[in-house]
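The same chain A turns up in both complexes below, where it pairs with chain B and then with chain C.
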Partner chain A sequence: MSASFSPVIAGSALGPNAPAPATPRNVPNRGGAMNPTVDAIRARFSGAVQRADVVWGETTIVVDRARVHDIILWLHDDPSQSYNYLSDVTAVEFRDLEQPLEVVWHLRSLPYRRFLRVKVLIEKGSSMDVPSVWDIYKAADWLERECYDMFGITFSGHPDLRRLLMWEQYKEGYPLRKDFPLRGRFSRSEQLRQALAANPEARYSKEELSIADAFEDLPVDMRRRLDTGERTGE
Partner chain B sequence: MATTKRTVEVSLSTTGLDAHGKPQRVPLVVDESGQTVALEAPPSMEPDLNGEHMLINIGPQHPATHGVLRLVLELDGETVVRCIPHIGYLHCGFEKIGEYRQYNQIIPWTDREDYLNSPGNNVAFALGAERLFGIEITERCKVLRVMACEMSRIISHLVWLGTTCIDIGAFTPFLWAFQQREKIYEMLESWIGARLTTTLTRVGGMGADIPDDFVSKLSAFVNTFPKVVDEIDRVVTRNGIWVGRTVGLGVMSPEEATNFGLSGPMGRASGVAFDVRKDFPYLDYETYDFDVPVGTNGDVYDRFLVRMEELRQSTRILAQTIKRLPDGPVNVDDHRVILPPKSRATSDMESMIHHFKQVMEGPRPPIGEAYVAVESPKGEKGYYMVSDGSSKPVRWRIRPPSFVNLSAIPAMVEGHLLSDVIAINASIDIVMGEIDR
Partner chain C sequence: MGLSPRPEPSFTELTGDEPWMTTKLDAFVNWGRKNSLWPMPFGTACCAIEFMASAASKYDLARFGMERQAFSPRQADLLICAGRVPFKLAPVLRRIWQQMPQPKWCISMGACASSGGMFDNYAVVQGIDSIIPVDVYVPGCPPRPEGLLYGIMMLQKKVSNERMSDKTLRNEMEPDPKSQLYIPPSVIDEVSEPFGNSVHQTRSGL
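And now, the complex of A and B:
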């Protein structure tokens, strides 16, 4: 074991007398013990917490969009909170289209064994811009890209916000939005036609080729196609 | 928590070796600042390539990428300078389909997502849905689900072990691992009828109770399996080639590992002692006696050691489930969520109404949301479900552990050799079905 090794032990900040974690039983739909972090956030960021409630034993806070980055940064850095682990970044759109779209962060504090759900509401018609937490958690890299890919939420501050699961030239919209039809926007035959007409070579983006200085070595016709920005499915 | 002991201390590096494989020695001097420095740098064996970089594309159809993963690598000689992963070739829109299905109808989709851990996914989804419905399952059901989880952990780790051995150049452990995996699949087949896509659970219970001879088969497996693990251990763990190809590769420090969101054996090999079963327990895991192995170096070799130990610990848990398996009903006695027996549905009016309502409309949870995470073989697997009171979820989100683990691959492979990319990629234990969903 090297001297610089400092293991991260979950529950280490709770002390030796902390009760052992146990399987939750008979969790009520609403109410129950609230995560103490909520009071700390309320004390530190006055007015930033719009709503806090406990649903099925999990604490959810809804915060202002402009301050969510500061709040998560503080949750990560403050030694009394130590939310050092980002479980998930995702979004929820409701069937009732009047309801705002929600961006959800699931945070864990491993030293304190706490779990917190942070939400930001995006009202219908307002901008889809939400601060990125990539500079706090590297785990947010792909999670935010996926959320952008599926919901069209733009995370400002993310260094490389490209589509992740869908291909980069995909132009049909954002698949997990409720206005996107389950079977896609095109008929089966049109999708098949597009797939057969696709040019697999174009799967190399120009950036990938030029970083490797391999661009010049490609056949002339492929270079020309890449230069004109020709891509699969167009 | 027990820590796995590092029994092998071998330092193998390719730079600084002479033609015979002996380390090149250079005289050391103390400079003005008191630092010990080499008098002259060891002569480089590699020709100067004048910074000419090469592009290598691995995948999406390559056996060593464990599915349809595509890695675009920029190489300087044989060293990886930059790695750009591409995923999405297997994207099927599971989460979208889930919004159009009743809760019990989603369970078959969870089989197909991480297909090496189908029973574990079924259990995880059922736990999430039960939280959303506010159901407390029976004691027998809990023990059966622990059995299913640990059996699927063993299956998944055995596939990982076999395929990683093949990637690195050993063939025999693959056959031994897959023989044992076959035994578990036979047991699952006798339990639920299916082998790979099990659909084992239902909201509020299980699809079937275990058959009569199941416990005796499981105890035979629990008794013989550790010997096979020991055999693989003896062949692989101290094998010079294995050690040389795994030690010191893809190192993640504990702080990096937490920041990158690595969970499961990946995080634990780096010294992050986080196991959902211990820290946020479910299914009464706190009452089982088992250890969580934690590595110290965070390299490929430690990930291997952690998974080997987890195979033994899972067997330990299985032995305890056999001892404590209680009698009693498997399903909850609530015909709003569990179908009444067929005989009653055809003879008793009330049961027929329940049957009809469940099949045609599906059970409806109250308005709410739940994120339930379990320890899958790959790491923290979470299902986040949001209900608006109808029989289909508004949002069904899968938190895929190997998706988050794979997102750290550029940080792990950059600076290593091309052949090490295969070993590092294998050590992540990816299932593309789960990553692309």
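And now, the complex of A and C:
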């Protein structure tokens, strides 16, 4: 079904004489040694890196939205980088209305013991489309769904971009956006009415159930509805 | 083998010196019910940790007839909702309550379950009494096991004062828009406190 499991040994690309990993001491707030990957990206993708900072010893680069997928694919595939671990996909919105939204990827290269934070800026009022990295890292599946759920960023290329934390019929918007009121847009009674109108069983599509091999165990009527493409209970 | 057969009881023995007593049926039934509550923990947060401490050996819920915890709502008498309930869980909690057979009671354990607590935000139900009826509210964040035990003893007192002749006690009412008692959400909006100190609040629009 899948390729045999091959363990990734941290620091294996650094050779036998690599120093043992140690907690960095006396790290400056700004400046310091930059991740060498940044120069490699600049050499390969000329003009794609808009900005590169080192903050508390961690390198952050801001890249073009159109080329972020190519860059991350290259970072993953190239044996001289091998960023094989995606630890987070998230987004940041600032209270300053002028400041653009940021979509953030946290990439880690286990063989080289490197960490790189890749950012894409989304100007206010522009499209919320960002390329999905699901085809590179399967870990991006739920991370991107959560990011879509909380910020409304649509990852094009994601196979199943639905809400993850809020229920799928949630109508009030994207909770972590700055224009979202803390208590939601609807009144409490309306929120409760909508929440209680949800069917607790309306959670699965046929694709998800066939993954779990649970389809045959379902009641007949639910199987019939799933066969017609409905999600159960909706 | 060495045992003599049990002597046949004669009629006079049964009716003669046997001790007996009279009581009200209510008192007898309630005595049985209050000392054999089977709790179902609905633990979603840190209150559930305190509930586990209450059930464990030091505080020992079994002293109150709660030796058997029911992890199925169909075999439970008492729902102990321990922890915050998000809106996504609201239909689940209501379904669990509907699955419990009568007679049934509910304890709302902790500030979050009783009122939403510190989570006055878009995701958390502001008190489970807006979903299901609650008999006893236990304050605390989270309440200590002593607090929960006190709440359970209050519930036992409540159970012992129930009257079987009071049929309304066990009536389950679903909100029925045709009923005279039904209050639509828009009216609830109007009569309830204007909520929220943040901007962009809109009403339900119903």
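Annotations for the structure displayed:
As a convention for this text, the second predicted complex is superposed on the first by the 184 of 234 C-alpha atoms of A that agree within 3 Å, B and C clash if a C-alpha of one lies under 4 Å from a C-alpha of the other, contacts with A are read in each partner's own complex, and residues count from 1 in each chain.
Please note the rule applied: contacts are C-beta pairs under 8 Å (C-beta built on N, C-alpha and C of every residue); 3 or more make two chains touch, one makes a residue touch a chain.
Note that this is a predicted model, so its numbers are computed, not measured.
In the superposition on chain A, A:Arg183 makes contact with chain C only, not with chain B. Look at A:His106: by the touch rule set out above, it reaches chain B but stays clear of chain C. In the superposition on chain A, contact is made by A:Asn26 with chain B only, not with chain C. Contacts of A:Ala139 after superposition: chain B is touched, whereas chain C is not reached. Number of chain A residues touched is higher for B, counting chain B against chain C. Residue contacts after overlaying the shared chain place A:Ala18 against neither chain B nor chain C. Of the two partner chains placed by superposition, only chain C is touched by A:Leu196; chain B is not. Shared-chain residue A:Pro7: touches chain B; no touch with chain C. When the two complexes are overlaid on their common chain A, residue A:Met166 makes contact with chain B and with chain C alike.
Of the two partner chains, neither chain B nor chain C is touched by A:Leu97. Residues 165-167, 175, 180, 182 of chain A touch chain B in one complex and chain C in the other. Across the complex, chain A meets chain B through its residues 1-2, 4-11, 20-23, 25-30, 55-58, 60, 84-88, 90, 92-96, 104, 106, 110, 113, 115, 117, 137-139, 141-143, 146, 150, 164-167, 175-176, 180, 182, 204, 208-209, 211-214. Chain contact summary for the complex, chain C toward chain A: residues 87-88, 90-92, 94-95, 120-123, 125-126, 130-131, 185, 188-189, 192, 195-196, 198-206. Interface residues of chain A facing chain C in the complex, by the touch rule stated above, are 165-167, 172, 175, 179-193, 195-200.
The part of chain B that touches chain A in the complex is made up of residues 52-55, 57, 72, 74, 82, 84, 87-88, 91, 93, 95-97, 100, 131-132, 134, 136, 253-261, 271-275, 278-286, 294, 296-297, 366, 368-371, 373, 380, 382, 384, 386, 388, 390, 394-395, 397, 399, 403-404, 406-408, 411, 436-437.
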